[in-house]
Structures are given as C-alpha cells and as structure tokens.
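Look for chain A in each of the two complexes below; its partner is chain B in the first and chain C in the second.
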Partner chain A sequence: MKKVFPFEYTRFEKARIIGARALQIAMGAPVLIETNSKNPLDIAKDEFERGVIPITVRRRRDAFVWLQRHDLF
Partner chain B sequence: MREKYMEIMHDYPFPEYLKKSIADELERIQADEETARKVIERCHEAYLRNLVEPGEAAGIVAAQSIGEPGTQMTMRTFHYAGVAEINVTLGLPRLIEILDVRKNPSTPMMTIKLLPEYAKDREKAREIANRLEATYITDIAEIVTDLRYMRVIVRPDEKALERKSLDREKLKKKIEKSLKIEVEEQNGEFVIQIEEPSYKKLMDTFDRLRRLVVSGIKEIRRVIIRREGDEYVLYTEGSNFKRVMKEKGVDFTRTVTNNIYEIYEVLGIEAARNAVINEAISTLEEQGLEVDRRHIMLVADVMTADGELKQIGRHGIAGEKQSILARAAFEMTVNNLLDAAVKGEFDRLNGITENIIVGQPIKLGTGDVELRVKLFTGGDK
Partner chain C sequence: MLMYGRIKVRDTVRVPPDKLGENLDEIIEELLWENFEGRIDKEYGMIVCIESIEEIGEGKIIEGDGGIYFDVVFNAITFKPVMQEVVEGVVSEIVEFGAFVSLGPLDGLLHMSQITDDYLNYDEKSKRLIGKESRRTIEEGDIVRVRIVALSLREKEPEKSKIGLTMRQPWLGAMKWIQEDKEKLESGG
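Entry: the complex of A and B
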C-alpha cells in the first residue's frame, strides 16, 4: 500500500523560494503584488503567501511516499 | 469494535504500533464509528505535522539528542537494581559497549524465562538453574596432589554432589573424558596416576582438573532465581544464548541476553537491531535520561542496515564510508589520505562532509532544494 502525502512545501523549500525571490526583488525585478513595503524580504514573504512567486521546486519524488516493509524487498 | 477501528485505519500511513495504541484508546472510550473516524482523522493531521521533513538533518539531531544527555551520565558501575548482587556495567561504559558492538561485553547477563510447567515451581526452577550453572570440580570435591606417588586425588563431597544432582559415576566419566586417562577409584576417592614422573605434568593435570566444568554451561558463572509475579525467573551472570535456548524447560521466546553480538549471531540482524535499541534505551533510562526512541532507532538502523552489525567508529560505519575526505575528517587523517592516494581512489563529493571540506553548498536542508521556474502563476499556490 502506498499512501501519497499531501503536497506542501517543507520549511527548507519555503526558505529557499523566498530567499531566491527576495534576491530577485533586491536586484530590481518587478514586484508582482501591491505593497508599501520597501524590504525585499518582506515583499518576497508576502508574495509567497499569495502564491504568486513564479518559482517552484523539483522533487525527486512527486510526494512523500510511505513505504511498507515489503516494498523495500 | 476493534476490528472496525483497524479497518478505518487501514489506509492511513501509520506505523503498526501507532494503530494499536489508537485502537486501544478508542476502545477505552467506547467510541462509535463516527467519533472514531474523527479521532483518527485528527491523529492523521497530528501525525503529518510531526513527520520529519525531507532535508532535515536527522542524523545530526539524533547525535545531539543522545550526546547531550550523555554528558550527564556518570562513570560508574554498580549493583543491578532489584536483582540480588549481579554486577552490571551501566552508564557511559555500557553505552560505549553497545555502540562499539563489543563481542565480549564486560558483564554479560541473561534473563531466562521458563516454560509454564517449570515456571510455577521453585524446585523445578532450581533444577534448571543447576543444569545451567557451571560447576567446577572444586565446587563439589577436594583436589589434592600427591608428590610422593605422582598422582592427583579427587575427594568428592557427597553433600555437594547431591545438591548439584550429580553422582560419582558421572563425575568419574567426566574426568576420564576430559583428561583421557583411566581413573581408579579407591575407597571413595578418585586417583589419577601420572604416567611419567614429571612435576610439570602433575601440575598441568591439577590445573586442568581445577578448570574442568563438570556440569552446566561454562559461560554461566552464577544463576539467581527470582520470583516475578506468579513465575520464577532466572538471572545469570555470564551468557551463552545458544546453549541456554536449547536447554529443556527454558522458554526461549522470552529469554534474552544483554550480549548484542550473540543475539545477532543466533537470531539475526532484525533481532540485533531491536537489541541495540532496547539496551541503549534501558541504559539511558536507568540513568534517568530520557532520549526519544527514534533517535536511537536511527543509530541502530545505521548500524544494521547492511545486514551485519557494524560498530559506530573506525572499524564500522565511519571507517567504511566511501568518501576519502569523509574518512580523513573522522580519524587518522594522514593514513587515510595516503592509503587513498596509493590506491588511486576517487572522491565523487556526494556526501556532506566532503562538500564542506571543499567549500561547496551541501545537500541538506535549504541546500537540497532544486528551484524551477513556475510558468503558471494564477495565485493561490
């Protein structure tokens, strides 16, 4: 039996995406949301919350897979 | 009702033990199906929240979680709590012993449970204890050397013989078999005549007699009988798992030893893994330290993953790493680098340690994330 876990970014992925986006914004990329903030990191966080960052991750597996004992042999 | 609970949980990715404890709890509160479903759904949420995320440095966390309480362990061995007078290595020395997979731990010990027909009766338990405990000739007889006639005389003590349920005939046979010499019986004494008049030979024979195990298992130095609940349990100093398991009256399914290597040899790698976990947990617990089981499970998994018990250290996990740099970073830096150079080894820089040494981002946590362009961004993730 394989149970697919819901897709969710891990905290590492989240940090990496926000980090990359903040760097883009800091270097002058157009901001994708309405905001008054001047801090690229805050803007990136906001963008992540709204789901507008054009960055995602590649997973070596699409989702976590729970392996039963007999799957391993 | 329990079957119903288990059925609901069938497709949930819980480990078996978790399913069991959820079912227990549901049974205790007499939950109907609807409540059960809700409870299980909530458990599932909690379970997902508590999973280790991919990229987490689980090994480092485990190492720290065992290491910190480890600093508080005291360097002492003392009497085993509860069991009369059996000395057991405890604390840090014992933990080191477990992780080093010593073939001969300093205080091997067994807990022997008996089959139902023996467990209730003190006399029968005593009988098994007698069969197990190593009995030397010196325990049941007096050994005297006679220089004048170049012979060794064994004078059995009738009472001691009876206590160990032995008789003269058995004793005589045992001596003859081990020394390969005819033994004469002269008015209740066994006389062993040395053929050539050599003092050395006489003393050799004397020493061999003294070390001769008449009955029992050589490694089992002492057996203590204790009543536990409604049954008698044997505790032994010294351990020989294989032979004790074969002994009649011993319930080998519940008999354990604290010699992990023996468990590995007799029962195999899965049993060894469990033994490592249980021994480590009980050693830590005994010192009043609480370490989450899963940290130790990780260590045990690493030790047993290849199908053989490997120690943590130079001759095991750390010494067999495929990366040269990782090995050099652990111990014996120069030797490792030199040997690798001589063999012309190749380092693929796959691991963490190597990449830190060469100054590259490591594949862990944020470093393990591969970013891709997301073409569709309609909002709401």
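Entry: the complex of A and C
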C-alpha cells in the first residue's frame, strides 16, 4: 500500500510559527480573525488552526521530511 | 562634475509589527527614508534621496523579535563633494569670521581669510562683509563660485561634517565680481 503523506508542519515548526505570531500580535500587529480573546498566544493558536497566518517555514534542503511510504508486505 | 551620483544599495530593513497591516511597499519606502536620508558614507557621500525600490526580498523572522526583516535593493541619489572641485553656491549666512555657502544638501564654510586678497570688515548692521580697499561686498543670497579645499565627512555624526571653501584664486568669487572683472577686461582690451 502506498501512502503519500500530506504536508504538515512538525510540532517544532508549529511552535515556532505560533510563537512568532503571538509575539507580533503582542507588539501590536493587526489580528486577522474575529476573536474575543485578549491573550496573544490564544489568538495566535486560533489563527494557526484556521490557517490564516501569513508565515511559512523555509526548510533546509536536506531536512528530514516524510514524503511517501510503500508498504511492501 | 562629481557632486551627485546614483548608487544601488542592498540593505536589510526591519518592519515593526504594528506597521504590518498596511501596504508593505509604502511602509518599506517610508522606513528607508527614515533610515537612510542624510546618512553619510565615506566612499559614496551623503544619501540625499531614495529614488526607487528595485527589489523587496522575502521577509525573515528572527528569534526574539516580532519585527520582520526584508532584504531591499534600492537606488539612491548621493551627494559627494570632491576635493579641489569648483562649485557654485548661494551664500546662506554671513557671520563674523566668514560666510556659509549652501552647496545643496550641505553647507560649506568660507572663512574671512579665504574670500579676497583685500582686508575685509564685518558690517553687523547690514550683515555684509566689505573690502577695505576694493569696496567689494558680499552678502546673503549672493551666488559665489568657490573651490573645495577641505573636506571632513563624518559617518557617525553627519551634522558635524565640514566643508572648507576658498575664493582666493583667479576667476573665483561672487558672480557679480566676476562679471565686473569680465567687463573691465573687455573694455580694456
């Protein structure tokens, strides 16, 4: 069985994105979603869940990433 | 003339997070203005204005800072006075020890002793310098032709940059004097 892994951020990348975004919000960047929360970290998490954060990760060319898997037997 | 030049510069600009929501190009242009206008470089002179932005690279986020760093390539107009260069300027101020001449972005100092071979008196009331024998005067607003003889551009403190000028050479001086000399020469010969 062949399985192609969907693109997914690792937990480290996720932490980096949410952290950077929370810091931006804390320093006065405009919030991209409707929310009642006042906590920048919660807002950043919410934004990440909805996929609206305009931040991408530049992976090293030789970084380890799951691409696909063939189950042989 | 080597006074003005156009240079292409690559540098990094930090965009603070509270400016993010607006138009990025405009913000970067604004920040470039703030950061580079008036900056002095030994080799290229003083940056007078940002002409155009050629390229805005991908923004980078660095640990511990909410700002975004962009690599930017831009064209700038520079002003670079060169030693021994003859330039024309406007007298912007007369003081006891000489005159300040505006060369454009920077002012140069024309010391009393470098104005004429004649002895000069400072007239405080009319803010003029008057020659003792020739009765030639120089006052604010006069156009003068001068030579740059001293140059000290300070990279760290642009306000403290100094330009020294002289007019004690043939065909240098206030344009009205040169005009007089010319007429005298033509009528005589």
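The rule is short, and it goes like this: the second predicted complex is superposed on the first by the 55 of 73 C-alpha atoms of A that agree within 3 Å, B and C clash if a C-alpha of one lies under 4 Å from a C-alpha of the other, contacts with A are read in each partner's own complex, and residues count from 1 in each chain.
What we mean here is this: a contact is a pair of C-beta atoms (placed from the backbone, for glycine too) under 8 Å apart; a residue touches a chain by one contact, two chains touch by 3 or more.
Remember, predicted model here, so these are calculated numbers, not experimental data.
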Combined model on chain A where chain B meets chain C, clash or fit: fit
Residue contacts with chain A in the superposition, chain B compared against chain C: B
Which superposed partner A:A20 touches (first chain B, second chain C, both, neither): both
Touched partner set for A:I55, first chain B, second chain C, both or neither: both
Chain B versus chain C as contact partner of A:F12, first or second or both or neither: first
Chain B versus chain C as contact partner of A:A29, first or second or both or neither: second
Per-pair minimum CA distance [chain C against chain B, superposed on A] in Å: 5
Residues of chain A that lie at the interface with chain B and also at the interface with chain C: 20, 55
Contact footprint of chain B on chain A as seen in their complex: 1, 3, 5-6, 10-13, 15-17, 19-20, 32, 50-58, 64, 66
Residues of chain C defined as touching chain A within the complex: 16-18, 20-21, 61, 65-67
Residue ranges of chain A touching chain C (in the complex, touch as defined): 20, 23-30, 55
Touching residues (chain side chain B, partner chain A) in the complex: 11-13, 48, 51, 53-56, 365-366, 368-375, 377, 379-381
